[in-house]
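Both complexes shown next keep chain A, but they swap its partner, so chain B is in the first and chain C is in the second.
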Partner chain A sequence: MEVWEVFSRRTNDDPLVHVGAVSAPDLEMALVLARETFFRHGEGVDCWVGRRGDLHRVANPETLGGVTDKTYRRAEGYTGVGAKLKRVHSELASRGIAIDNPRPGR
Partner chain B sequence: MSSDARLGLLLAIADDELVIGHRLSEWTGWVPYVEEDLAMSSIAQDEIGHARALYEIAATINGGTPDDLALGRAMADYTHAVICERPNRDYAYTAARHYLYDTADAVRLEALTSSTFKELAELVRVLRIEERYHLDHARTWFRRLASGPVEARQRFSDALADALPEAMTIFEPLPDEDALIADGTLPKPGEEMLAAWLDVVGHDLEEVGLERVMEADAEAPVGEVLPTSSGASEVADESPRPLRVPGLERRDGRWVHTAGFSGAGGRSGHHSEDFAPLWEEMTALHRAHPGARW
Partner chain C sequence: MTYEERTAEFKARIDAGEKIEATDWMPDQYRQAALKFIEMHANSEIMGALPEREWIPRAPTLRRKLSLTAKVQDEVGHAQILYRIAEDLGKSRDTMFSDLVNGRTKFHNVFHYPTYSWGDVALIGWLIDGAALVTQHALLGCSYAPYVRAMRRICAEESLHLRHGEDMTLELCSGTDAQREMFQDAVNRWWRPIMHFFGPPSNPDKDVLLYWGIKTRSNEDLRQEFFSTYVPKLWDLGISVPDADLRYDTATQEWMWGDPGWDEFWEVVRGNGPMTQTRLQWRRAMWDSHSWMRDVFSGIPRAVA
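Let's look at the complex of A and B:
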């Protein structure tokens, strides 16, 4: 028997999320069993199954997000940037300087 | 050990990372598809982050700040390999250089894990964890483009052949290499790391039937970079050494570096005209507003 991962959408506006797995000999049976294993109380409006063997894990998941300082990638590193940008633009405008749209080097 | 030699080693590696990171960052927003744009941009940020970590150690030696080291030096004080400053051209060249640079960096970092320079060895162990992803990414593109449709394979192998001679200069000996070797700061000479890297690259190329890349560079000009036209004379070597004989030779089934480098001189601060506009842009804010904070 194969293991099938089961995914659900709680409402039509929700993203598909993983809710669990069922054992089943084939796809047809997996679809039949997933319904009643996870949805018999009306937990969702949509259900998908996928063979576990068709899913693949990334290498070295423990290093996801990096291991050196990446705080600059988080939104809180940029609080007040909009206000600063406005200040810089008005400062530049008062000196008659404009920044062109930068393009990649060639 | 003179701390100057250690400072020189740190700056050479940090400058490589900073300058190639800057080049890769130029792709942000322009890569042909968004997932790859994010991946390449992350790699660019990683390289610049690694440069920062190296400048932080360097700053403890020379008493400056990491910002001053990264952005406050004259062009001729940067000692990155010339390959790092070359423009991105197209994605074939970018991917080819990315592969060559990151495989070379991997060889260098592996050697440095056994450095007697403790702070550096410790940092390198952390950096290698992130570099592993850079290698995965570079190798995935390498295999994909090398076995891709005819045009992809052709453009990628041309780009590899273009980039390979200059990529070898990543291992151009540092001015103080003898001193660094003597006290174990640098566990292996540049030539030894170059040989290890040529093995890796040669093997990868043979696996995809692109050995011609290794043969192509025998005709590449050998010697130091010499800016040709206006504008960048301040980075030119005032008394260029005579051109040396190439390059790469195949002996007993292995690629061997015999003598000379094409596009050498980066480790002594000699750069191509391509570096001037990069330096101008990269350091503009720091020069206009010293000490500015975001």
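Let's look at the complex of A and C:
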């Protein structure tokens, strides 16, 4: 018996997501068991299986994305930009630099 | 079932909002249109990294240098994801790269222009990425499922780039007169290419990409959204737009805009832009000098000792 990892697509445009595993002697049986175990209630529109031994985990997953400060690669590195826009706008408006032309929503 | 019947059935699936997978049967016209579109997108990502890359050594602070490097990496990463999807539509990556560097396929018009100052970097990060994000958001409704999944990821990263670009823009616009002039100068030079970016107003009924649901919104529709999102922000920052005819008509609720010189657009997309050859030469030089690495990865047999 081998372990087969099972992946599902919930709707047609979703990515494959790991939903669990089945034990089966061969591919045909793995597909049957995956179908019967995880999709009886119509949980997805697509199902894939792969031998556990054919899937490989990355080494040291805790280092994914780097171990030093890389907030400049993430949204949290830019929090406050929206507020800054408002602040800069009100400052430029008070200096008479902002341009006040007709625009949507006014 | 005849080819015409299968095609009609396929078209009905698309009209019903169904998504197409790489393994599905598809008419030749759909495959070709999707491939051409996605390949052009991939080309644009990899060529789009070049104008900004030129500024990594000249970034004003370490933080800006890191941010810009990360963004350039993201753009190249997008190209890798997109080329993989295009490959599944039937064209090899080697052929796509060779067609790109030999000028047989296209990349977006905005990447054919030079960058003169840090103001250009802020502008690209904010307005060019903003324009790209308007078009890319519209692609989340594309009929080709693998592309939609890629676009979800790409849009998330582009939103981050937009913040990064907005941050740089705000820094310049709230700075000294020289900094403000630097950004205004960038807007003055880039506005026409940005108008060109959305393409000429076209007849949606004759657009093969709209017909197959590869694109879901017309050029003009996207341009109007871009105006509504970014023009008021530019004005709020006291930055003028170099188009005397640009105004929002409150009665029709539409933006009116002037002719951006479409002859220049056609010249650029034909490969005659100011930086087209320089950038393609760079790309070609990289392609050639890295060939040994592709050979290693593709498993050329080891010499026997």
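By definition in this document, the second predicted complex is superposed on the first by the 76 of 106 C-alpha atoms of A that agree within 3 Å, B and C clash if a C-alpha of one lies under 4 Å from a C-alpha of the other, contacts with A are read in each partner's own complex, and residues count from 1 in each chain.
Assume contacts are C-beta pairs under 8 Å (C-beta built on N, C-alpha and C of every residue); 3 or more make two chains touch, one makes a residue touch a chain.
It should be emphasised that the depicted structure is a prediction, and the values quoted were computed from it without experimental measurement.
Colleague: More residues of chain A are touched by which partner: chain B or chain C?
Modeller: It is C that touches the greater number of chain A residues.
Colleague: Regarding the shared-chain residue A:Asn12, is it in contact with chain B (first), chain C (second), both, or neither?
Modeller: Only chain C; A:Asn12 stays clear of chain B.
Colleague: State whether A:Val67 touches chain B only (first), chain C only (second), both chains, or neither.
Modeller: Only chain B is touched by A:Val67; chain C is not.
Colleague: Let me test your reading of the model: by the given contact rule, A:Ala98 touches which partner, first (chain B), second (chain C), both or neither?
Modeller: Only chain C is touched by A:Ala98; chain B is not.
Colleague: Give one of first, second, both or neither to describe whether A:Ala75 is in contact with chain B, with chain C, with both, or with none.
Modeller: second
Colleague: With both complexes overlaid on chain A, does A:His89 touch chain B (first), chain C (second), both or neither?
Modeller: second
Colleague: For chain A, what residues appear in both contact lists, the one with chain B and the one with chain C?
Modeller: Comparing the two interfaces on chain A, one with chain B and one with chain C, the shared residues are 70, 72-73, 103-104, 106.
Colleague: In the complex of these two chains, what residues of chain C are touching chain A?
Modeller: 18-19, 21, 63, 66-67, 70, 145, 148-149, 159-160, 163-164, 166-167, 170, 173-174, 228, 231-240, 247-248, 250, 253
Colleague: Which positions of chain A touch chain C when the two form their complex?
Modeller: By the definition above, chain A touches chain C via 12-15, 70, 72-75, 77-78, 81, 84-85, 88-89, 91-93, 97-104, 106.
Colleague: What does chain B use to touch chain A in their complex?
Modeller: Result: residues 23, 26-27, 30, 42, 45-46, 49-50, 53, 87-89, 126-127, 129-130, 132-133, 136, 277-278 of chain B touch chain A.
Colleague: Note which residues of chain A are touching chain B in the complex, please.
Modeller: Residues 59-60, 63, 66-70, 72-73, 103-106 of chain A touch chain B in their complex.
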